[in-house]
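After this come two complexes, each holding subunit A, first together with subunit B and then together with subunit C.
On to the complex of A and B.
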């Protein structure tokens, strides 16, 4: 075991190597960036020896030089969310493409770009940008998020005041094999407002994204994302969300392929009767490593939270789940649920899970479970005995396994689109 | 229709455990045969071996359906060839809708036989009608396969599957267990409705009561992996009245 001080020194040293001049900007963002850079330098870069990175090696995420990953041809599938009316904002290699995007106009929402807002000396996002990142550094450090806050120049700033008629859809395309992208989005959902944010596409060969969401009293944020099919892609993502009383967050992530994905979420239920659902389905075949690291803090009474993560793995694919429910002393009547499950399609696949509960209130209902197993032989036989061919029966069973996660998506049609992607993936990886 | 000759099987994992020990049986089209026998005599194992469940090793003998070697086929091929097993313990499949499962099975079999698949509309019409006859409500069709079904509901669901798949050779393994008197009538009516000159049934049961509704042509007594006696419906009555003791003694004599 390495002494803590020595590890810290190594982390700081590694962090210093990655420091470069901050981007130019107005007063508010410069302040946020400087503070984030100070956090990064102090915390240091994540290293494999960090307890929090025990199951996932962060080295490739912070390696110097531009990352490369072949761009996957996805013309065999209909474009994602194609059938849905939505406001489309396109990013190519992590840079906003105005020509390919819709106008930034939608009734009930104010949509701006980080690159524009950064030029101003003052912006509504100043209370959130970097603030939630800073808050998310305890009890566990997430230095990659601070790195993002310091250096990101691209992203959207969304303020929702009503209930817009359609979702806001962020589309991530790639044009170059070599690309690194830092995206930082800020969302403020005002009291009683409701919005759906969609994200899909591979973003970059290597990406680091942060979403900071401030969801006010009685407001709702639906978030659905799909991380793209590129096999060699890698990335770290962060969702930081704080919820007021009766506020709701529903976030779902589909992770299909990708050699290294770390999805972190930190949610604070700060007001009474709030609700946070975080769910994900990942499927990997071969060089695939998908890590969901989720932390839900119940800081007020009467809140409900769910973490539902399902992984289907084969041929050496690795799945990781680190999930925690933290219930504060004041958070009586908490209803917390956490399930993480892996379906291992062969003996080479691996699932590593660390489910945790930390409860300081006495009147709470919390349950957690984590399992990994194979396809149920009796169910498979029963289906085959009814004439369903083995491959088709397996597919139905795998989809059934993933269904509990997909069920977390409120909109059935959107959930259906994701289900189709999973089915197509299973067809390709029979 | 179904011809089983000198069938021997043992557990794949433990060849010491021999379950079927030279079983022979011939069922002609249009006939209904019943098998009765003490617990553990191998009745369910016979149905599993015929339908292709893993875990059993056939060491001797043969089983053919209309002359085709059953033992050489995958379970789904046996089903498409017309074999159906109503399970003693129907399996729960969380996450797979009953209706989806039924349609997938019906169309998979049709496809395997080179027939056209049923459209969603046609399928729905047929399934609703048959479900109604078995008093299976719409809710049960929507729910995941057998999940949360009562014992009797599971058995009725098996018969619904049989009615939809229209197999040639139907094996019913203790379909009467767990059924109340009314459900037993429903299920029997469902079975009798399917009786036809080119379809045959093998009914495994412990009780004469089912055979009052589904009248067998032939009754077999099975013990320790073999048929020890074959006779007419009166054999079932004899078991009902006297148990197996005399029959077993007679066979061992």
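On to the complex of A and C.
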């Protein structure tokens, strides 16, 4: 076994190799970038030997050179969220495309771009940008987020003051096989406000994204994303959200294909009676590795949290779930729930999980479950006995399995769109 | 116990539960010391000490080399830092690695020759080393039931009972130092074959300096005629105990083995790093039960045993079965993961655990179920109870390898917190690499399985009655895994209700 000091040195060495000059910017962002770079250099780059990279090899995420991945033709499906009225912001290969986007105007919201804000010497985002990333470095280090904070020049800054009539939709398109993208979004939902943020598309051959969300008292953020169908795509994403009293967060991620996806979330329930629901459905066939690493910290009494993650895997696909519910001493009356389940459709698939509980308060209700197995033969038999053909019966059972995660989406119509994508995927991968 | 006395009772946690935890973990009954003249090896750890221990035990060259290799590996290793334990720095040079009563210099030929002081010590602990007597706690319960005991006092085995009767059945039960002399071929074949010298930091330390422990060999087809038991007692100050237990169950054999341990109350912490290796061959069955009651430290967290134990069973052949049952009430720090390697097809591993941590105790314990063979089965039931300032962690691994088709695991962890200064944690690792295996991990606050409850209610019971029945049945299910000999301790635990717990 490698001594710990040597391992640390190796991580720092790797991190140093990736250091380059920071982007130019105003005073506020330069301070944030310098601090993030210092964190990156100190923590070092992630390695497979790190406890929280045990099931996912981060090497490809930090490899030198531009990553390449073939662009998937998705014309066999209707464009995502097409039926919904929304404000569209388009990024092509990780760069904002003004011509393809709607005007950045929506009542009850202030939408800006990171590239513009970075030029200013002061910006409202200064209290959030990099701050939540720094906070998220304990108890588990997330160096890729700090790397993003240091070097990202693209992203949106959204301040929600009311309840806008339509969702804000971030659309990620690709134009080149070779691309690396760093996106960093900041969202501030003011007290009592409510907004829905949609993200979809493959983004880049390799991506590293950070969303920092500050959800004030009584505010609500709905977040729904779909990570694109490109098979060779790689990416690490981070959602860092802090919630005030009675605030709500509902985040759902659909992961379809992709050779390497690491989705990290860290949520802090800082005010009483807050609520955080994080859910995800991932389906993979063949070279697919999808990792959900989700931490929810209960720092105030009376909060509720749910983590619901479902994975359907076949032909060597690998699903990873690392979850944690951390309940502080003061967080009495916590209601925490966590479920991670995998359906393995053939013998080669793998499910690796570490569902943790860390509890320091005595009057709480916390439970977690994790299961892995194949399609239940009894259920299949039941349906076949009633005349449902085998293939159809299997699909229905798989969809039913995934439904619990989709149920976490508040808007039924949006959930329906995602359900259709899953069904289409299952049709293609029979 | 002040922390507990002032505990405000939460809804669903009854006074009886609190009191039972108090009586189990609050007052330490075995904290007295035996005044006896001891012979120590010099303080500290070095190759010379390893050589000295080997020489004292009159060991063959290969074993000395084996120890030295372990020692050299140990010097290059670092202590584990991944457990949810705050382990104070241990000065390995401030410990004695070998201590034996002077009266044991000439090894007694029979129990009659053993120093009466030592016999008294064990009698006081409820472990009479006389063959006509049976263990305390079972008197009347099962008349004529016999338990063979190997008593280990600091670094040496004091004596083993019922040896003749066991020998008649072909069973070898003796101290490991004796086994090295009498059955070197068996020891050489199996020692380190389950837990290699460099398996982990504490296993390496143990491999270098282990002084005594028990050796059990059950020949093919033999059902061991009585329970076997080892009782470990740490007595000397600043002395670590490093026992090594090796159990080999040949084809179709069967044995139940019990282990108990206590130590005097002292202000300074003491080190205990044991290794238990179990080899289970075709159709054999081994049941290993532990009541761990090392001194847990006082109510301010002073003193106590640091218990770093590596226990592993290797179900090497088809249909082998192993069952670990543990009741962990003692030790300031517990770092212990009794594991099952399910190599043979249709082999089975079970782990039942109750861990109670009070005051400033810290426990990080659980199991590993490594499924390698087809149709292997494992079951984990763990209950952790935390009180005072204690931290109690279940840490476990369930691993289904690609070839372990049609295997099953079921895991259930429940934790109970009494007071808001303690912590209860669950850290399970689940690795499933084939689809036909089914793995279920569950840790819930609803202590009662909804299906069972539904079943009872359907048959006309009211909810409370149904809950009581199911909880009772569930609790018994774990405790019944304990052999009769541990009945006394087990009974005290039955009273603990599972109300108000968290997973």
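In this section, the second predicted complex is superposed on the first by the 430 of 430 C-alpha atoms of A that agree within 3 Å, B and C clash if a C-alpha of one lies under 4 Å from a C-alpha of the other, contacts with A are read in each partner's own complex, and residues count from 1 in each chain.
Keep this in mind: contacts are C-beta pairs under 8 Å (C-beta built on N, C-alpha and C of every residue); 3 or more make two chains touch, one makes a residue touch a chain.
The structure displayed is predicted, hence computed values, not measured ones.
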Discussion item. Quick check on the superposed pair: does A:166 touch subunit B, subunit C, both, or neither? Answer first, second, both or neither.
Written reply: neither
Worksheet item: So, does A:88 touch the first partner subunit B, the second partner subunit C, both, or neither?
Response: neither
Worksheet item: Given the touch rule stated above, what does A:381 touch, subunit B (first), subunit C (second), both, or neither?
Response: first
Worksheet entry | Residue contacts with subunit A in the superposition, subunit B compared against subunit C | C
Worksheet item: Of the two partner chains, subunit B (first) and subunit C (second), which one does A:356 touch, if any: first, second, both, or neither?
Response: second
Worksheet, complete the sentence: Intersected contact list for subunit A, partners subunit B and subunit C none
Worksheet, complete the sentence: subunit A contacts subunit B in the complex at 377-379, 381-390, 392-393, 396-397, 399-401, 403-404
Worksheet item: For the complex, which residues does subunit A have touching subunit C?
Response: 1, 3-4, 51, 55, 329, 332, 342, 344-374
Practice prompt. Using the touch definition up top, name the residues of subunit B that touch subunit A in the complex.
Written response: 51-54, 74-76, 78-80, 85, 87, 90-96, 100-101, 104-106, 108-109, 112, 144, 161, 165
Practice prompt. Using the touch definition up top, name the residues of subunit C that touch subunit A in the complex.
Written response: 10, 77-78, 81-82, 84, 400, 402, 405, 415, 417-446, 500, 502-503
